[in-house]
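One structure is given here, and the rest of the page talks about it.
For clarity, chains are labelled A, B and C in written order, and residue numbers in each chain start from 1.
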Amino acid sequence: MTELTQARTEERIREEAKKALASGEVRAVVGWCATRFDDRTRPFFAETAEECDLLVWNPYCINGTAKFALDDRYPDQKLALILRGCDSRAVNRMLRDKQLKRENLYLIGVVCDGKENPICEECQHKTPLVYDVLIGEPAKEQIYPERFRKIEEFEKLSPDERYAYWAAQYDKCIHCYACRNACPACNCIECYADQYRVGWQGKAADREQNQIYGLTRAFHVGDRCIECGECERVCPMHLPIMRQTRKMLKDINELFGSYEGGLSEEETPALGGFRLDDPDEFM
Amino acid sequence: MIISKLNLNKALQILNESAQVFVPAFEVIEDRAAKKSIREKKFLPYREDLEVELEGPNTVKPPKDILFPNVEKLYQYKAAGEDSYIRETLPEETPKILFGIRPCDMRSIKSMDKVFFTKNYVDSYYARRREYVTIVAIGCTETDRTCFCDSMGIDPNTAPGADVMMNRIEGEEAYLLHAQTEKGEALLKNLESLEGPSENVKAIRTDCTLKIRKIPDLDRKLAEMFEHPIWDKVTKGCIGCGTCTFVCPTCYCFDIDNENYGTEGCKYRCWDSCMFSDYTRMAGGANPRPTKKERLRNRYMHKLSYFNERYGETLCVGCGRCIANCPSHLDISEFIEKSSAVDPKAEVYTESIRAAQGKEA
Amino acid sequence: MVIGHTCTCDQNPLLPALCRVIDVKQETPDVQTYTIQTLDGKKPFSPLPGQLAMVSLLGVGEAMFSITAQGEDYIQSSIKRTGMLTDAFHEMQPGQEIGIRGPYGNHFPIEDLKGKDILFIGGGIGIAPVRSLIRYCLEHRADYGHLDILYGARSRKDICFKEDCLENWPKEPDTSVYITTDVPSDDWDGHVGFVPSYIEEVGFRPEGKKVVLCGPPIMIKLGAASLLKLGFAKEDVITTLELRMKCGIGKCGRCNIGSKFVCLDGPVFTLAELDELPDEK
């Protein structure tokens, strides 16, 4: 079989979406629909056969779909997701973190062709890693050799230069939490940052609070990051947020060997696991 | 008064002598690791080396923080028995000039004036800043694809309420300025030395890029649509972040909190977002707006209906910033069209192709 | 430039006045009443019945509370422990400095109630705002008709304002007091049962009568249903709402229900007025 054309893939997505809804087990299919701008799509919940015809597949399907499954953690019916490779890793992430149950999901995988999103150049898994049905021929996994290049460059700067760089970035931050809300690893039922009464962090968008937020989030998701780049894509102030988790991943790769997040439901995050027979006596 | 583009920098320098001038200009952050620089247009305090851009697309963030800062001290306190005090910390009395704001942003400031000056209480902090600000508005020459202010009843060529109105002159590299208030007259007096010849000049007129089909009484229609199924549909794609509120020129909601050091500290207010769960959550944990559906509905209703009822005008000025910046590409102008067209009593709402694409029929 | 505003300060409505807690009274295991005075021994401001005050525990936080009573030189607020902030309030000792600003909001319609019989219904800490109106009516006794007071608490020890409820009010002329507890206890020989069913049991008559109903949301909902069953009109049932508030002056945004702000247009609404607002309470 040859590679499916964009139009044929879109057709197949609509067919599978309709089939899923017709089965009676699925309440909605999350994919993308058109907007008034040709170069933009938006996440869309198709709930009827008619609405399935509004699902699109084009280079502008850039929003992650998986995180929407968290909107209803205890659903009566399954939610179907149209999944690209990155979305499938997001699903694995949330399954592994025990935030979603596999039986509540119906996964329509699509072999991705890369989107109009800079992060797609760095993609190593264009074929979904978990799915119930797959549209397209599995693509060969790729290695992106430049994965840690920017981090290496950044590490060459002096501590003062690095601090100045991030301080300027966090002066721009508007504290909108788009990065957190888009991130599949940010899947806590209630984020520490929303617990203002406890006082972990203030609500003021000043450098201090923004840095506390940025650092806390980076450490919390660092070893669970699936490198989908949503945090950077959604940032209205264009902060290079993924550089923080990439730095964590680089260190993890150097310390513990080759590691990527979200490749399977079983994997243990590098910093989140422990062994009872751990030779280190830090506990 | 006519001022040539060549004299613009000189004009800004003159104004900057007696007040702090804010202008739309590019801020550049060098990213040495990625070997690139990020340029962002925003209102910045004037410096001679700034790359000022009065025309071109609008700023990412509106100029509202100059009147209503993201974080603002309200008072300082000490809680220590006899030594206790509460000391008001009103903003300094420094004159500022907001130079080159667009008609949509001027209309936003007028809406904020209504909020902070009327309905029984005058907000002392806003009032102090407002008193010391002189506004020079500029008519648009170039509009973004997300600009729809004229569909919301705003003319992109005029800015009622601005102290000075400024428009590009047709066929010339010059601007036509005229004072609309006493403050504006005083400002222009400072610039008399730069005045150019003014014969038969005509100001450029611009139209918005995006024309939307909005019914005139949408505010009243929406007031009857609180339980309408359209809300389930349009809010599904939202991720519940605060981007739309923080880039919106009319979102004025705030939180009040304190920063404490031992027995001393300060009370401050900061921007808040109705999109956040904490915004309405009560002490016992109950939340009248528990999910993003209720929160986004409140936001749209506030912009398009509640504010009209309370203050007699819409709170969406059509600047398009929320459309341009929404991570999920939600589009309030599309919602306006859909809700204008929909049957207010419908029990089911299904997206149709035309509505979903938001294209002209 | 401050229009129709009666706050402690002349100018800045967000600036609290430094005041002192001169007395702390333990009403129930989780409710305390604070008597508050300015540092020079005066009343911070003169609220109307039902109005609110923003009370600031400096360095900890502030929250809006109803003012339950006032005298020549003090105001009183009763606070129930429900979270971190109110826990901190309950640590206060007499002599503690606090910030206070207000009064905020509308008030019970003391003019409209003139010449009418009034049925006061309170549940739990909801008796706090009701008490401000009961005290007002008793102080202006000739202006008002027969007063019925029905109050429900969880158990005897949870009855707020025990002196008023159990001793003072029952002795007032032309006043009937009905106290009920949710659960029986050895030290309680009065009525046991929930407020809504007690309303029906007593069978209040709607003629010439206005009702003031305050309590937890579920009690308001079921209590209102009981009153409607007895023939009361929604226009004649007055209640108070509680939402999260920060500024108290209708600007910060969060306490809106539709286009109305609870801190400014409320907290007092009739059931008929609430019906006009979106269901987001």
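Note that in this section contacts are C-beta pairs under 8 Å (C-beta built on N, C-alpha and C of every residue); 3 or more make two chains touch, one makes a residue touch a chain.
Everything numeric here is computed off the predicted structure, so don't read it as measured data.
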Centrality ranking, top chain (CA atoms only):
B
Comparison of A-C and B-C by number of C-beta pairs in contact, larger one:
B-C
When centres are defined as mean Cα positions, the distance from chain A to chain B in whole Å is 31
Separation of chain A from chain C, taking each centre as the mean of its C-alpha atoms, in whole Å:
49
Which integer distance in Å separates the CA centroid of chain B from that of chain C?
39
Show the residues in chain C shared as contacts by 2 or more other chains, in ascending order.
61, 83, 85
Specify, in ascending order, the residues of chain A that touch 2 or more different other chains.
197
Chain B touches at least 2 other chains through residues 255, 257, 272, 283
Quick one: in the complex, what on chain B touches chain A?
29, 31-35, 38, 40, 60-61, 70-71, 145, 210, 233, 236-237, 239-243, 245-247, 255, 257, 259, 268, 270-273, 276-278, 283, 291-292, 325, 327-331, 333-334, 350-351, 353, 356-359
Within the complex, which stretch of chain A touches chain C?
197-198
Of all residues in chain B, those that touch chain C in their complex
74-75, 77-79, 81, 84-86, 88, 90, 115-117, 119-125, 127, 223, 226-227, 252-258, 260, 263-265, 267, 269, 272, 274, 279-284, 286, 288-289, 294, 298, 301-302, 305-307, 309-310
For the complex, which residues does chain A have touching chain B?
33-37, 40-45, 47-48, 50-51, 53-54, 63, 67-68, 71, 150-151, 153-154, 157, 161, 165, 168-169, 172, 174-178, 180-182, 190, 194-197, 202-206, 233-234, 236-238, 240, 243
The chain C residues in contact with chain B across the complex are 1-5, 11-18, 56, 58-63, 82-83, 85-86, 95, 97, 99, 217, 242-244, 246-247, 249-259, 264, 278-281
